[in-house]
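Single-structure report; data block below.
Letters are used for the chains, namely A, B, C, D, E, F, G and H, taken in the order the chains are written, and counting of residues starts over at 1 for each.
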């Protein structure tokens, strides 16, 4: 049975550790298994920071501002960083009122609230094919930064002008993980993938018209990539790509 | 009304031209309009050589050898070159018995029969992404050769090893028209398209597995190409690509 | 490495040519390979005019007016003609304020800015099936005109009233390249293709309802065309068709 | 409740009509409503000849020869003509042994057994785009003949050589109903539809390759026909087209 | 060549008939072949009334009111009835100002203008599955009425309450042609088709949600109908169904 | 033939039962077969309460408020509970004016009107994967409550935090029928299905973005469930799931 | 951690129950939670009989006969009935050698092995649209019989001859749960659903051709059913339908 | 220009390094850029070992044995391990004759040839949902082993019996990267992803029937995973998953 007063329990648990009544290894194991907080309209997964290395992220589309703020309140109890995606500017203003240190990435429509500064590590490169792909690319970059990575951007380097990409080989070769964001045809993921020895996370975008079918053409192209180091996330899922690149980046060091 | 004794009519028509009773311009105009030969099971479009610049081509899939040979007989009356595609080796042997000068391109599974040698002109480049795309690439190359073009091949230069392509820039820059054949992701068409100032005909192939969906992934990728000089033909339609490249190549000189 | 001060470099390069220190052939080869200008939000491919025979074209959907005007400024350095597509009327007015010689094709929603007048050559025919296809047809026609082609229009000649098409055979026979624009069923491309010996570029449009699936029915029909001289571009991609027809038209003369 | 001894009941019913105990109008009305014969593995709809103007037709794919022959036996009780489709040659031979007057159309793979000769009426035209569409076209033609129609064939007149079709205007103008059979692009239905004032039944075929998607391209093209007199049946459903054309043809006279 | 002064030519042609210089049969044949009027933005097919038995119908979606009124003006020269579909109420008011006898079917959003009253014949039944399908059903019914048919309606008789349909057998059995309009599952077409011996024209509608995919589920269901007398038109194409049913209904008498 | 004065007939029928002239079993049988009320714009299936165990439910999307109120009036004659789905708040206010005891579930956008209180039985569990799925889940829950079931909710227990689900095993094990509502991936249905021995009704929702394709991903996932007790209803069809769970729940006791 | 010596554990557990050391309620709860047997190539879920009311069923496609027999051996330890589906005749013969009481349903290609006879209860009706759907219908029927249900069959009653279905109302009205199996259009599920007050499980089959798309047309039709008591399982999943109907049937009594 | 005698060049290049004429950093940079070997039918990318950390892998489907052996010969020059996938047993036997130390994984149909033993590092876990997914899972596992990873297998733990998965938490928690292989519904990826803090590579398989659409259902499910650490590769692409997991695993240590 879930412990509905989860935060108390964690305290108790940690106390037991302090008192030498519980081994650290066992405590971590237990924490990985069960508790969450029931807000009525949602069950916040507060200890995800232990299980997955980062707190639950708030996907704000279709949520009321009131609910978003309540969820922030619940998640803040268990982690250092809060990340919220798909946040409209007017929603951010309300969050900002309550959490003065909230920061907004306008292109990404994402918000972060951080208790203490994190030292940035590694080298995540975010590449985009066109300027229209930038919002998704920024969601990826902002996520990776929130999760403690150094992030470099390389935008508008689509394969129809391959020299623009090849002219930035140094940036590409030094990355610990690469995110490639592209709509329409998605060819960029394979070209980048073929140049490097690190994992490439490909993000198709819904940008385009006609037979791009809102990202399906790019998605299929990326799934069929001939570069074996390319894996793919959902259309427009910049957050997911930033998350995975961060997990890989952390391993790197 | 169609003239069912088409070949006689053409003779008569040409006689009238010879006798000064018909101006050459008018004769050509008329020939562009109507006749064909009715073989019962098929209506061969014998004067297509006048209207489209090349005789009707025989698509042999689902045709009996007997029918193929009859159609060859009919088409030979009006053109210098016969081209037959999707020809199985054993069918070729039967054609060969009757038409000793028939030639077979094994990879392309295509046959040509030529009355007189054609002087080759221009410079059509056929590029393929992988070795599995070669049969379709060869169908394109063979078609272009039958239609009088110099053809150069550049195979196995997929974008996952972009240096293999970029290492052949000279071949690429001198082409008058380029055919790009690729299965799986189809990204090669855009990369090649972005390098040149001539039309690129992209041919998706049904080679691949999983989410390549028998050529659909490559087809969509090519239709969404960011290089504005790329147009696309049907999956596996090497013949069509060779045909169009030839029309462009002829203009070049 | 890309030269970020691209315009200076070209000057230097050309100076070397002038001074006899660099052969023209070698200079062109180099220019075909690398430089672009980095505007921060975009990387304009200024020397595309050398590599592809026409400057980069600005696709204005999802771009701010401010960005569009900056890109125009960058591209003007390297080419005689600027072409911008998908331009809303109010955006055009702002462009017009800065560039007095900017011209607007309302049906096509396209803008051109031209330094010096170009002599028109050849004979590109743009055919549309219905009146609803005219915006896409005009985008094709306007592009072709900007690229220096004589363009003739033949609109509302769908196959359900085939006599309307056959009544214009003279226009059709004299074309150097033909663009066929059609929504719903797309049959027109094959019928036109069957009449001529020049390449036909087919453009499916998203016009229609029900099982037209926003252009998919027309796209499939065109890809399956029995006329071997038909190739296809993306749904609603009038610009691409105009571009390719221009490349072919230039070869013609 | 169904009367399992249906044939007796009909006799009784007809006897009542003979004896003046039942008006003919009422008898027909009743017969239109209920009975069928239960063969265990199938329920033959023996009086469909009254309700739909033609007996139930036997679709032989996936049926054992033994079952087919039993169903023929059941259906023969109530109608003058038996029609069986998708019949392999070896199955026909077994049917022939039992029913000496069985006839086989090899191209259509269809069998008919007729008690007495029917006078043919009207004028159904079956048009096919290519030679590969002939099997489906023959299924339509054979069905229409079995149902008492005069049938004319016009094969291999695809739109890429439109003169072949326009050369047969007389055949086209005199038809009481037209069936158009086409694979690949399906454009023929609209062109034919635009020429005439009778209903056109369009049959897409699964013939083709690549983006024909086993008849889907032709199906969509036909559904989007701009000729308002075109309706469509299932891919490869020659039988259905022949059936509907026959119903229309009967009305004509 | 098209005669651009079409209406004069027809006068001349008819004069020749009057003067005994042209046989009526020959005059009709000629009229079936070529002329149309070029309005600049459209080519009205004025003699369609001769070729197809009814004037060209105006599909008003995406047309300006000004253009619609000009097309009406052109078409009125050659036919007794004008039919315009997809007409918004405010557009109708403007048409009404110019053509006082214009009539509007609000549910169908269709307009008719008729010179002289037509005697109604036959018996076309329009059946709908739900109340939401009524707009499409009314478009079919209104078209059929404009084309001279007696029309009966039978609405909201979906198969989930089969007794509502079976309770109206008399209406069903007396029809000369039946139109079945259904969204969601489309099962109604088969049930109705199985009851009668006349052609059934099935119209899928885009009404529904979820896996109805805007009419695709109903479309597929209807194409797979086990009743062989069912043919199908495009999703929401009430007009087409009304047109075809009228052609069949005319034959009936 | 349907009895258009259905309510009188039922009275007469019941009178006959009262008078001993008709056995109850026979009366029920008859009532299961035919009558309905014709409102002109709709045919309300008033006796569905006898045939299906619950009155016809009003799907209010695309219906005018006036029509909705008329249908309520008709259906109230034959059943104890009225259920209306997809009701906008302003429509509810108008219903409320006429039917003071009308109740509104805001999340579900559903209305119920009940004559007498029903005793709740059984134990239906409604599980949702995310908070965005709650509207559909509430439609299911509200339907089940209207049909007389005790309903328990378990929301926001998606499989990415499996402990939230496993923490509620007691709720899960005591259910008589379970409804699982999930968008995006739909995996929850299988996990729940694998835990229990009662039928699970899975409802995909159109919530999601990118490759969720408005519910298709979840639909396919649920159809492929490895738990054999899972069946599926249409995307967003909370009502259907609530209805089926109620039929099962009734059997349970 | 899973107990790899699962069967011993169950013995121990039951011993504790016997000895009064464990309450039955608690024992069942525990058994519902964890154990399985690890065969190396598979993990048989032996206690599913407790958790889901029936042992794990063996899906034999793609399994070697040797593996199938080993899995049977493992599952026999925990349940009275073994059910194996998709079993080829030659595989059955090998099973039969080892398990003499194995029974084979040839049409369903399914095998059952039963320790003791089960008393059949309730009344499950399996309805099929055509004769080609019988294999799937038999898989459903056989499954339901193995799970202890009385099963009645009603085959070949497709909606194109609706009287065949309506003639069997008595069978339909007395069922406790109904399975409807249909390929091609799938309309039968709605018609049957509309007649009854019990849940209907619809099974689309892959039987058909052309636009049936191997069961997709039927699947969509069934998901869009207007009868609210219809839920759907995967194409050809007769087993799943039989399983669910059995769960419902058990509740009934 | 590519150096066709690539292997010599590398020698020369390394000699220059040895002689102190070239810095190591510069030598690596150059090697990352260009060379490959042209075998005529293929261009082997011999230095990929430098650029991507592993030699080019041979996809043997559609390649002749002769070609495969030649490619092995070419690739052996530049790397320690050769990996070939989709190798039929009889092909392996021929490879084995020439390369005695070639090893075959029968389930994976993969071959490896290794010069010297590699020390295994890290901890890659390969999880499969069913037994039918094992071939793809083994391709992933074998690839990861060839690339130097310790690999653990966890097969047949689909979500319908979630306790089988949860019983192996220890294996799951200690992994450095996890590969999840699942057909049919694909739900397993999310459940596993939700338990851990390492990247999960999901591989849909084409195993299944009906609405699994050869892996599409699983693919969509995985792309829509609610666990943010899940990325996806092509259907059946076990090799790609093994490759990416290896790159991540290497970083780990």
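Definition applied: a contact is a pair of C-beta atoms (placed from the backbone, for glycine too) under 8 Å apart; a residue touches a chain by one contact, two chains touch by 3 or more.
The structure displayed is predicted, hence computed values, not measured ones.
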Chain pair, A-F or F-H, that carries the greater number of C-beta contacts: F-H
Superposition of chain C upon chain F: rotation angle, C-alpha, nearest 5 degrees: 180
Intercentroid distance (Cα basis), chain G paired with chain C, Å: 60
Chain B-chain H separation of Cα centroids, rounded to whole Å: 39
Centre distance in Å when chain A and chain E are each reduced to the mean of their C-alpha atoms: 55
Chain B residues counted as touching two or more neighbouring chains: 161, 194-195, 210-212, 216, 219, 223-224, 234-235
Pairwise chain contacts under the document criterion: A-B, A-C, A-F, A-H, B-C, B-D, B-H, C-D, C-E, D-E, D-G, E-F, E-G, F-G, F-H, G-H
Chain E-touching residues of chain D, taken from the complex the two chains share: 29, 32, 51-54, 57, 173, 176, 194-199, 201, 219, 223-225, 228-235, 239-241, 243-244, 247-248, 251-252
Chain B contact footprint on chain D (complex, rising order): 131-132, 134, 155-157, 161, 163-164, 167-168, 170, 207, 209-212
Residues of chain H defined as touching chain B within the complex: 1-2, 33-36, 41-43, 45, 48, 56, 61-63, 67, 204, 206, 215-216, 219, 234-237
Residues of chain G touching chain E in the complex: 129-130, 158-162, 166, 184-187, 190-191, 193-195, 208, 210-213, 216-218, 220-227
